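Notes follow once the structure below has been shown.
All chains are identified by letter, namely A, B, C and D, in their written order; residue positions are counted from 1 within each chain.
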Amino acid sequence: MAGSTFGTAFRLTTFGESHGGGLGVIVDGCPSGLFLTEEMVQEYLDRRAPGKRSFATTRKEGDRVRILSGVFEGRTEGTPVAMLVENTDARSGDYSALAHVFRPGHADYTYTEKYGFRDYRGGGRSSGRETLGRVAGGAVAACFLKELGITVTAYTLSIGEVKCDPASFDMAERDRNDLAMPDKGAAAKAGEYLKALQEKGDSAGGIIECVIRSLPAGLGEPVFDKLDAELSKAMLSIGAVKGFEAGDGFRAAENTGSANNDGFYISEGQVKKSTNHSGGVLGGISDGSEVIFRVAVKPTPSVSLPQKTVNDEGEETELIIGGRHDSVIVPRAVVVAECMAAAVTADMLLRNMGARLKDIRRFYGC
Amino acid sequence: MAGSTFGTAFRLTTFGESHGGGLGVIVDGCPSGLFLTEEMVQEYLDRRAPGKRSFATTRKEGDRVRILSGVFEGRTEGTPVAMLVENTDARSGDYSALAHVFRPGHADYTYTEKYGFRDYRGGGRSSGRETLGRVAGGAVAACFLKELGITVTAYTLSIGEVKCDPASFDMAERDRNDLAMPDKGAAAKAGEYLKALQEKGDSAGGIIECVIRSLPAGLGEPVFDKLDAELSKAMLSIGAVKGFEAGDGFRAAENTGSANNDGFYISEGQVKKSTNHSGGVLGGISDGSEVIFRVAVKPTPSVSLPQKTVNDEGEETELIIGGRHDSVIVPRAVVVAECMAAAVTADMLLRNMGARLKDIRRFYGC
Amino acid sequence: MAGSTFGTAFRLTTFGESHGGGLGVIVDGCPSGLFLTEEMVQEYLDRRAPGKRSFATTRKEGDRVRILSGVFEGRTEGTPVAMLVENTDARSGDYSALAHVFRPGHADYTYTEKYGFRDYRGGGRSSGRETLGRVAGGAVAACFLKELGITVTAYTLSIGEVKCDPASFDMAERDRNDLAMPDKGAAAKAGEYLKALQEKGDSAGGIIECVIRSLPAGLGEPVFDKLDAELSKAMLSIGAVKGFEAGDGFRAAENTGSANNDGFYISEGQVKKSTNHSGGVLGGISDGSEVIFRVAVKPTPSVSLPQKTVNDEGEETELIIGGRHDSVIVPRAVVVAECMAAAVTADMLLRNMGARLKDIRRFYGC
Amino acid sequence: MAGSTFGTAFRLTTFGESHGGGLGVIVDGCPSGLFLTEEMVQEYLDRRAPGKRSFATTRKEGDRVRILSGVFEGRTEGTPVAMLVENTDARSGDYSALAHVFRPGHADYTYTEKYGFRDYRGGGRSSGRETLGRVAGGAVAACFLKELGITVTAYTLSIGEVKCDPASFDMAERDRNDLAMPDKGAAAKAGEYLKALQEKGDSAGGIIECVIRSLPAGLGEPVFDKLDAELSKAMLSIGAVKGFEAGDGFRAAENTGSANNDGFYISEGQVKKSTNHSGGVLGGISDGSEVIFRVAVKPTPSVSLPQKTVNDEGEETELIIGGRHDSVIVPRAVVVAECMAAAVTADMLLRNMGARLKDIRRFYGC
């Protein structure tokens, strides 16, 4: 059943396989009057492009986005913003060897079980290219949020066991190194680790951290559509993501209530929290402090070491995957997480507008 | 905006505050012909009841469910199953001291920011009693799944730093001890830990683990409504939950691809996996092995130690919470997680039915 | 699949059969701060009560509503407003004769085909009593609209071929006569017509007209969720409704463009229309004039004349329906149409709030 | 708020304005294994093309569809089918005269009120070209239905007061004349009527009838998502549609119960109805007979006679619309109604699959 739409008020519907005509998104519910150009979206797509990162596939994707609708004279019209990235680097031949075998850690087997057959070219819909639609759509959300002074920033927190040191955080560094790590030293160490893995034909995973700043208090819809519940779904919906935690997350489970509670105080007439163990969310509603969460990404399943598997005839076989693959997905997934978080935030901002009769009266001037 | 509905095909809509007339749920989309009685639902509600657990509030809730609709001659009719638990133990007076102060770690502040005022009696909608509707609704899902041979089982994996040892797992033990732990030794140790905390007026968190067995391969809707994405949202939508991980989760982030991939093999003509690092999900679709995930629960925010906070006049104050509170939420949340997981699974089973033209033809006999 | 929820931002989920514990609704998405009492809802329920109308069933339903949640100190909390009407007049015995036979014009056959069996007591979920949840929920919407100065008014326009004369419209008269007709003369004539039918054991249909006043321009969501499209669905979802038309409706199909277009002019600085053939909607969006539409209601299918039909053994049989039945549904359906129209309008008001970036900026003060 | 998605299980999300990059649709939820080519979709698009019809605009649209995703080796994959029709005939200059004036009967005024400004080129999103996405998406639904032996057929029933005579119906004739009328004589008469109007610079409306054949009983979801309620919304969501009636519709309102009820009988072991006043729907659920409904279409608002209106400066003005316009929309709207009806039917077929536990057990083999 239909599962390619995300969000309620600000809504992404994506399409596309790694091969075929192209991939893209319809952004429905984007408010009118937002300044938007293809360049603004392209900037986000370029951050997920593999070309410039040394631990990423060497395919030159060069994905260029085209806005097909919803923008007139440089402004969004309030109508759906459709965007298309055409597939250009479609060497289908590369994949014929994989047509009948199920790659471990990939969705080949499950797509076949679900749909009866599958597009074996590059993973089809389960390919990492599927995220192009998410990024293009989330980029529109991010542009909308910026107009309200809200920013969403994700980065690589760790690769394998190599972790950034919060004491050394430098966000400018994130955009300088290949690994999207905001810590130069950690990036160097992680680079060594990856190089060693790459030589063995193996791969690594890691953790992405994301921070949403300047979010007003009050966002999130009780009881099922909590802000952190929607963020969690958004993150787990990204391929290869295996975990999500808000604020202290799993560490909170080992803490005591007295230490984990964030005390309130008053600063310049505003309610503030002295700590932020909660990650900016209380009862599923933003509390006005930074929203912070982490996302666990599994190691790239495409390794070139021999693997035991089966084919679609029900026979056991051994598989060695050739071709061009990322030895770590994390750095390219950073912008995907950031864009999905922006989409959730935009949705929650719009959904919150009808919460109080008083505000509705003020809105309609009656 | 409306946020009290969960699911698409199998759908829960809950209502109710800790005080007021009552709490409950409408289950819409439940198939017709399912044998269902109030006793079958009550059994689940009793598992979240505090009375019998020594580390839980001593309020005698005695919540009795009443099926209002949707069942005729012992069978579901295909129409909405509405269930009501009336509030009986409503000592509103207990809460008047909290009417104007924001409890740290609770949703008092955020509900007030969102809605302009709040029901200060026992947390209102953000109370743990809100889960009554989830459990009643999820119990119907669990009964439906049992008819298909599918089981969902949750238990306390750890409390604070005291963890069950998988080598000592005994699921019958789960229902014997106060902490819903399937390991007698761990339960004893955790009991000591809690007693010590309780004496100090403090509280603990913990981790819940949940296993779904006998799930067919193919469930989960690409790309946003992945099985694990829906499970993740379901879990994070439960109050006090701060994290979710499927399969190896955050540990996978530190592993290598070659070690993390689950190899396929053939056993009795069936495709099987030699390991289950993925937690039963590949590409967001069930792979026929056990679906397994973990949920991080923060420590109970109601501690009786003094806390710094502010009131709704914008003044700083100190708060000491009296009254009856759980020193750990985890054991009572186990059945909530189990029921939400059942609701997701039922939903995904129904949503999957239209995946293939061939099956639809067979279904309609044309 | 789940079909008991209506609306997106302002959302009704109803439950209940004519027999069983009760019927009701959860209103989710109602803004906080609305003054709401059981009496305010009861007023609407009383308008659909049969007791006081001479052409209606003589069953004393005396349906009393109880608000179970979502209201605190007389104001809505922003949380779900659940309402329950318990079934009290459940003489199930009356219906046993109908347990195995399909009543023509009723849903007995189709429910059996869909669900495998049916609740034969009084029509079960397809009973007119199902509208209790709609009316209770729509009453909340109407109360919300009144706060914004918006009114929704429905009335019986015709019964059989007896039509009210717009020249004689007197809305106070609507609440004085048994037929909810705003024209005393027409009501008298229709009364005669019904009496004659009743004596023969037959029944009549009719047309309901509904007007929404003081609606701001701009409501309705292109392209599928047009204001009139949502109204149309709302009306056709009411049992026994067979048609909907907005503005001139079917008459427009015979008109010419030059005569059917409504010219614009300026009055006191405001854009006005010189006519209202469009019924207050252009391109699916409210144009600031009165929204007006009509609804065709079929004659009550429960007639006491003998009818040819079949039973669930596949045998032909003749049926004579005894018991208490309305000889015309229209007057009691007036408040149902009004309430559903209010629900649509409330939903559209909330959905419109995110249309413009400028307004969102103003809303959030950033 | 997002309003460009239609359907629940089989879901269309459309995009595009009359000018700009292009228009199209994402079909999500289409089952895998359906044979589908661009030619199959193009056939439907050609039926809405204006070129070959003499009473239609003489713009050569030549709209060619391109399938961007979701089809592999000629079969649908179960993933979203995205389709694009690029805008080629974009003479924006034609429309500059209309940039600041509100055309009567069009959505110029209401879009401006809603969004603050509007794309004045050819009506933007409110243009008739918007239906390209509907037709492409509905064509996929129609192809799916054909695989199950279900057909959806729409035609022009009347233009102005000229009505087809059911006694002369010849469906092959529908595709031979310019007016999509299945009655050669009526088509000739309507042609004369239109020619006379065209000479005066005026336009006509009409009625479309649509029949769905071989639909199994049991489709439609109580209580809000009734089959006829969804059809009604689908039809009213089409621009220029002002009314909907199922079966006898508004005529039923004047009938008596005894005459309007359809008696049941048995034929070859099957339950049949002796008449079909209900239009194939009872209680919102298909009853196994033909589903039949009618749709009222208003006259083309673009007339070349002078009209009184206002501009966006709030000044009154007179408008004479030049350019190329259909003097009647109905014949081109026939395929739009047919495709939207197919989309509803496909959705309802899929939504019905989870209705009974027994069938679900059979489906999953457990």
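The working rule: a contact is a pair of C-beta atoms (placed from the backbone, for glycine too) under 8 Å apart; a residue touches a chain by one contact, two chains touch by 3 or more.
Note that the structure is a prediction, hence the values are computed from the model and not measured.
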Subject >> Shortest path length from subunit B to subunit D (each step joins two touching chains) >> reply: 1
Original post:
Measuring centre to centre with C-alpha atoms, which chain is farthest from subunit B?
Top reply: D
**OP:** State, to the nearest whole Å, the distance from the C-alpha centre of subunit A to the C-alpha centre of subunit C.
**Re:** 44
Original post:
Whole-Å distance, subunit A centre to subunit B centre, using C-alpha means?
Top reply: 26
**OP:** Provide the C-alpha centroid distance between subunit B and subunit C, rounded to the nearest whole angstrom.
**Re:** 37
Original post:
Where does subunit C touch two or more other chains at once, residue-wise?
Top reply: 1-5, 8-10, 14, 29, 32-33, 78-79, 111, 114-116, 125, 222, 350-351, 353-356, 358
**OP:** Give every residue of subunit D touching subunit A within the complex, in rising order.
**Re:** 1-5, 7-11, 13-17, 20-24, 26, 28-29, 32-33, 66-72, 75, 77-82, 84, 111, 114-119, 121, 124-125, 350
Original post:
Which positions of subunit D touch subunit C when the two form their complex?
Top reply: 1-6, 8-9, 14, 102, 104-107, 109-111, 113-116, 125-126, 130, 158, 160-161, 197, 201-207, 217-226, 228-237, 239, 242-250, 252-258, 260-266, 269, 271, 274, 278-279, 282-288, 296-303, 305, 307-310, 314-316, 351-356, 358
Original post:
Given the complex with subunit B, which residues does subunit D contribute to the contact?
Top reply: 8-10, 29, 31-34, 76, 78-79, 144, 147-149, 216, 222, 349-351, 353-361, 363-364, 366
